[in-house]
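Down below are the structures I want you to see.
Look at the two complexes coming up: subunit A is in both, with subunit B in one and subunit C in the other.
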Partner chain A sequence: MLNMPARRTDGAGPARPASGPDLEALLGRILPLVWVAALLLAIAFPLMAMLGRAFLAADGGFVGLAHFAEVAGSPGLVRAALNSFAVSAAATLVVVPLAFGFAFALTRTATWGRGVFRQVALLPLLAPSLMPAISLVYLFGNQGLLKDWVGGSVYGFWGVLAGEVFYTFPHAFLILATALAASDARLAEAARVLGAGPVRRFFSVTLPAARYGLVSAALVVFTLVVTDFGVPKVVGGDFNVLAVEAFKQVIGQQNFERGAVVGLMLLVPALLTFGVERRLARRQAAALSARAVPFAPSRRRGVDLAAFAGLTLVSFAIVSLLAVGVAASLLAYWPYDLSFTLAHYDFSGVDGGGWSAYVNSLTLATASALVGAPLVFLGAYWTEKLKAAAGVAPVLRAFALLPMAVPGLVLGLGYVFFFNHPANPLRGLYGGMALMAVCTVAHFYTTAHLTAATALKQLDAEFEAVAASLKVPFWVTLYRVTLPVCTPALIDVARFFFVSAMTTVSALIFLYSPDSSVAAVALVTMDDAGDTAAAAAMATLIVATSAAVSLALSALEGAVSRRKARWKSR
Partner chain B sequence: MKPDDAFLSAAPHLAVAGLSRRYGAFTALDDVSLAIRKGEFVCLLGPSGCGKTTLLRLVAGLDTPDAGRVLAHGADITRLPPARRDYGIVFQSYALFPNLSVADNIAYGLTPRRERARHRERVRELLELVGLPGAEDKYPAALSGGQQQRVALARALATSPGLLLLDEPLSALDARVRDKLRDELKRLQKKLGVTTLMVTHDQAEALAIADRVVVMNAGRIEQVGTPSEIYRQPASRFVAEFVGEANWLAARRVADDVVEVGSHRLVLGQALPAGDAFSLFVRPEDVLVRERWQAAPNTLLARVADVAFAGALTRLKLAPEGMPGVTLTAELCPSMLSRQTVVPGQIVPVALPAERLIAYPEGARC
Partner chain C sequence: MTLNTLAAAVGLALAATAAQAATLTVYTALEADQIKPYKEAFEKANPDVELRFVRESTGIITAKLLSEKNNPKADVVWGLAATSLQVLADQGMLQPYAPKSLASITPAFRDRANPPRWVGMDVWAATICFNTVEAAKKGLPKPQSWMDLTRPVYKDQIVMPHPASSGTGFLDVSAWLQMFGDKKGWDYMDKLHVNMAQYVHSGSKPCKMAAAGEYPIGISFEYRGAQLKEKGAPIDLVFPKEGLGWDLEATAIVKGTKQLAAAQRLADFAASRPAMELYEKNYAVLAMPGVAKPNPLLPANYEKQLVKNDFTWAARHRDAILKEWSRRYESKAEAK
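Here is the complex of A and B:
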């Protein structure tokens, strides 16, 4: 540090510029602000637009709680709210124990095929939530194969419940598997040494250790169901729920004020969940000591057999709900003519956009992955690594977490109110693919951000300091070290964006125009028009594409990891 | 340094003045001032959490102080970004880039990047210097801790910086490697003449390696001095306790330079500080066991309670007569023991040299 200023005082020509604007510091301050501005535009402003709609009259005057009173006085909406609550609570009560049992069998027993079962549990993530609903119709609907098994009709509470269980299962499973894998084996050991039987051990050690996970899973499932639109749209029948009601009010009746109020009602549980979840996540991290010993189950034939039977049963249900949809798309006329045909994949005779919707989906998913992944990664880099950004980092971090608290349906409503507002200069974007990509990236920003931030936190905290001491600007270190080391996480984020963009409906349903319809939205249109076989074909295309891209990116990740292993072996 | 810097050379190579750094209500660094001469090897020594790393990061420009200044040759560099300063740094974790080979790690700061051949030559030279010739194509994960440390050092030295900053560079190594590398580091520093500021919590390491030691406690500097000053004349009770081993005797004032311990009077080499009650400090090697009793000041009789062989030295536990409950530890060298055998139970005359006794006010514990 010593030569430079000294030379400057002598008037000798400095070897490196010792004065003038410091580009690094300047960029460090500006770039995070650009990200904050982008998130403001993509999340905060649409939300505020929705808030505004809920409290303002159509002509802009403040009406206080008048819209709320109107909604409270409308029996249809009150019933929808009650229905939403009932089905969400029921789904939570079914999914959480089921997913806990599944995760428990996978993490705490030495049963066979655990890797395969794990993948099966995650399969529903590859499908739009309408897919299980369509399969349910084929199984238990008016012409369903197993119609006689169920007393009444699949349309209504029970159908919605079944579809939601399928749809939310992997979310609960992931949270609970993490919680169970993280709990300390030494406690279980100690309890056994102290003579506690298996039942007592379960209630005194295992369950308490997983309690944060259980609460988190319950909250997440509840919120997912309350805000889900796909399943009730297809199998809801007369069983009206809030999410579908919001859609009807805004798209069907152009009643924006009511739509905004319903949107707010959906936002409340999501915000609550978000707040509680963040607090639990912090406490769970604190409860996890660094020296915790992971549980290593040993072979106990009886227990393992029971676990295997349970896992097989659940897996069979999951796979059937997917397989029925796929099968129906390939059969001439389920269940009467079971000959093979590809006719349902010729979408020319049905509404919804057909193959062009599918191509749009591919474009949207690719764009979200290719734009979203670098965007999210850089955003996480600013918050975690850039010293010059230290002042702005907390703000950016808060904005990165915000999307998690906003259900897709609410975000979509917000986009309608904000981007479709006559006074908005960005109005031209409304109905176009670009805005749909923006919405998708914003919608899934938080999970992607947390993945990237976790990967970055695992790097040595002093890389940037060393680089600075060597007078290497941060962008060189980002390119030469940080990015190569974090490539697997980056691929992970890209895969997440791709699959999410392929399967999501809730926000996009408010944003598409006939030209920019996407596959998952086309599903809704086809189902509405009664073209169930075409809908099944489109759902199959979505699942196949998600699966293929996931596999390809996994292979890429594997190849990258093998290259990383080379750094370790030489 | 160029010759035309001469008129500035009166100013210290590096100085910090009144440096403070607070984290919320907690003061990590409290009004610290220090000057370092060119070519000097200075160690920041103190217990974990006392602010050593904080001070180093301020010097490196990786953090900004709440008050105070950092000066290079008298010029204020407090707010300069790291890239505008001139130093190399080695962290405890080494922070080697895992995806780059040893050669690419070392050449990371060499510019311009297209001069590959010149860089290759420089890397070879540096690897030779740190004792790792031929390691160019290895990756960091394939190296042992000691080898990684050498690569990190080579990377920090690659651009020939005017200052080398080391944050606990040896702490992550096991004892044998640590001692070896310590000596090599010292030799290398003298050979290159690079001004070095090193952080450590290991007092033996600091005393062995540094030209000057800065003892820190709770964000403040307790003492700055050569290793022998620090060891011989600890400026505070904290320093005396933190550095080396010592006997502590409860003492009361009798006269200006006389204290009473038990029923004995002991004379000190210098006047007592203010107060009536003191802790009297004497190093084990300064407790002298005499062959014969001779009535003299500061001489007393003690019963040998224990004799323990400790390699180069023999450690005695002594129970002085007239000091109930007090145990003195003495360290004897083999040459003394060859003149005189010492066995447990024996009564021996013991002298506590006046100039080796230091009194610290009681209650002024760290």
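Here is the complex of A and C:
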């Protein structure tokens, strides 16, 4: 009995500082580590599992480089690697100048309808990569509308190239538009005063200022093409590429060891480009001065007309490739019966799961957005704002960038090896929607993190400083100040997750079970069975859904931003 | 919701699951548009058993079953090539079982062992889908035989399924090798390869491509050909005169299933007369004699045109055949 009060004091002991800064310090150390652990589990461990599998025999014994030797000795795989390299290099050479021209016309001329053109350039982001490929078959296939325009067959190198150009264009465009918008008008002005003509100014000022953007865009395009398998799957014909080969080995022949080796072959170029890209990003940031003056284009009728013509041409190509896909889903029986029908939207007689796959996609996209956005936002908050986390923040920041280096296909393979391993306690998750959502959030983590971090960086650090001096714990500041101000960025991240989850195939193709098939994966299955019109119908549903949700969230973001602006002016 | 009502709800849900009894995982390579009526018929006759289908093409289902050998996920295989099931039987992966109606199944259409490890359902066989509209435009004569397909006039006009992924593709290759002999069989495929535009993933796709005029000639099978022709596709079905390669769709119980009783009921159903009457809607030659009716789209002597097919031989050599095929022709294979 005598001991009781003493014990009570002991029990209360650790609780007292809990309300003070000690708990904050503790949380500051723990929370970022929880995020690091989550990223380890969702990214690093699966990759290591894949790495391990590449060196092990099917029964678990170590075989060193035997699988690699086998791959090097099989002419099919070597050819696939060469094909991958060739088509990626070609796509880079086409997309980068094209996207540069587009971005240049939008940022450096005063031409008409720039807002509309910008949106059109981003349209391909709403579609899975199989969709342009299907459209290409309808346009240039053996029964294609414009078959006579092309000399040879659409199946093969040229078809893949065209599809990849469409698929990667917005990615290159976004990078280049940012790079061009960020360059300093004072330099161009100085060159002009010094007597440099427009051509000289372009090559000595504009191009060098955008060179990091150019290299970065080239690397992104190259990696996207190397690891995409949607386009080559549909229009590849006999043109085999590595991404399809990984798929063929694992799904088609259940040869996991060979799949792991091919996965590693895909990871290497991605990691290399990632390393180069990060180096460049650091140098580019240093190259921008705080006193830079943004470039404001003035009306020059000839230039603006030329820009308008160019923008229209590219936009027309983008819109028609999408429109053909939509039209293909509405025609009764191409090319013999062109009457209108909605029959292809009844997916009951075809593979892939039909409407339930579509509903699964909606669930997955919503879950990825609702879970991913807060998760990413908090992660970014720990790295950017939480003073107590300063020690661990660099580690978390590095881990947040890692997913960008891992192509979806490779991540999906890693999940097969890690989460389907008999010894893994999380094995029950395999084949379920939860793991697919985890994979999707992990796959797209970096872009989302950078968006959130940028928004957070724009907030004055004074908020935290004042809060700290007032002894207000960080979660109160986060909830009362940071979160309301950053709501538009949060919505933006949610939209990004939603659309990405709707359109991605590469990682999920290895993870779904018959009950959890998703729309984009169903596209692959339908095309495999030759049900092209049904595949076009599913692609149309995906595009329509991504577009509708994007528009709705943009409207919401606009409304919130306006409220935020009112709050600012008060 | 209070904790109590929540608990009650969970309890109810659990009770409901218990009453529903068994769910069987069924691996199949049946066509997607055939599964629904088969599933409904079985579940109507067996309301306490629910079927959960995993459908992939023959090669993928076979690879999946082999890779899950030590930890099988399927309870029953309903509708997979007998050649593939024989491969699994050779590996000791199938549970022998004599379904109730075994006595009325044609002996050639079941496993020779007793009790059998697999029992046939129906025969599906090679058929060429020939698009008459596109052929007329291109001036292509209608082929009459497998040998005709090697004529230079058909260069880049033919598509066929990939034998590793498609059962229809494999039965073609297997039949050519059994029909022409090893050396002449490969010589034939070398020549055919020259004319081949694409090897595609599934057995249906070549006929769908022919029906859409994407390529005028698709090596496929009779069900898809007849179904597309009925829908109005401008195709003729060609039954090459050397004979038709074929395989059996068959049923087997996976050894180690935790639901043996329910699995046996499915095996009983799959070999029963009501099931055969369903298969009859899709196929002309059934494992149970006396059910089939003449099909106007197929020749009267259809069954006689089927070549001699030795499942044991095909199963033993499947791996080697696919390896050799891949070595020779892989450069023209489509994805997967």
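Criterion: the second predicted complex is superposed on the first by the 546 of 570 C-alpha atoms of A that agree within 3 Å, B and C clash if a C-alpha of one lies under 4 Å from a C-alpha of the other, contacts with A are read in each partner's own complex, and residues count from 1 in each chain.
Please note the rule applied: contacts are C-beta pairs under 8 Å (C-beta built on N, C-alpha and C of every residue); 3 or more make two chains touch, one makes a residue touch a chain.
It should be emphasised that the depicted structure is a prediction, and the values quoted were computed from it without experimental measurement.
A.B. asks: Quick one: is A:Ser554 in contact with subunit B, with subunit C, with both, or with neither? Answer first, second, both or neither.
C.D. replies: A:Ser554 sits against neither subunit B nor subunit C.
A.B. asks: If you stack the two complexes on chain A, which partner ends up touching A:Val350: first (subunit B), second (subunit C), both, or neither?
C.D. replies: second
A.B. asks: Regarding the shared-chain residue A:Gly237, is it in contact with subunit B (first), subunit C (second), both, or neither?
C.D. replies: The answer is second: A:Gly237 touches subunit C but not subunit B.
A.B. asks: Examine A:Glu24 and indicate which partner it touches, taking first as subunit B and second as subunit C; both and neither are also allowed.
C.D. replies: first
A.B. asks: Quick one: classify A:Asp531 as touching subunit B (first), subunit C (second), both or neither.
C.D. replies: In the superposition, A:Asp531 contacts subunit C only.
A.B. asks: After lining up the shared chain so the two structures overlap, which partner does A:Asn142 touch, if you call subunit B first and subunit C second: first, second, both or neither?
C.D. replies: Touch status of A:Asn142: second partner only.
A.B. asks: Find the residues of subunit A that appear in the contact set with subunit B and again in the contact set with subunit C.
C.D. replies: On subunit A, no residue contacts both subunit B in one structure and subunit C in the other.
A.B. asks: Which of the residues in subunit A end up touching subunit C in this complex?
C.D. replies: Those in contact with subunit C are residues 76, 79, 137, 141-143, 153, 155, 229, 232-233, 236-238, 240, 244, 247-248, 251-254, 256, 333-337, 348-351, 422, 513-515, 528-532.
A.B. asks: Name, in rising order, each residue of subunit C that touches subunit A in their complex.
C.D. replies: Of all residues in subunit C, those touching subunit A are 32-33, 36, 52-55, 57, 59-60, 63-64, 66-67, 71, 133, 156, 164-165, 197-202, 204-209, 212-215, 231-234, 326, 330-336.
A.B. asks: In their shared complex, at which residues does subunit B touch subunit A?
C.D. replies: The touching residues are 1-2, 4-5, 8, 13-14, 57, 59-62, 70, 72-73, 75-77, 80-89, 91, 93, 95, 97-100, 108-109, 111, 137-142, 155-156, 158-159, 161-163, 165, 195.
A.B. asks: Within their complex, state which residues of subunit A touch subunit B.
C.D. replies: 1-10, 12, 16, 18, 22, 24-25, 387, 460-463, 465-473, 480-481, 484-485, 564, 566-570
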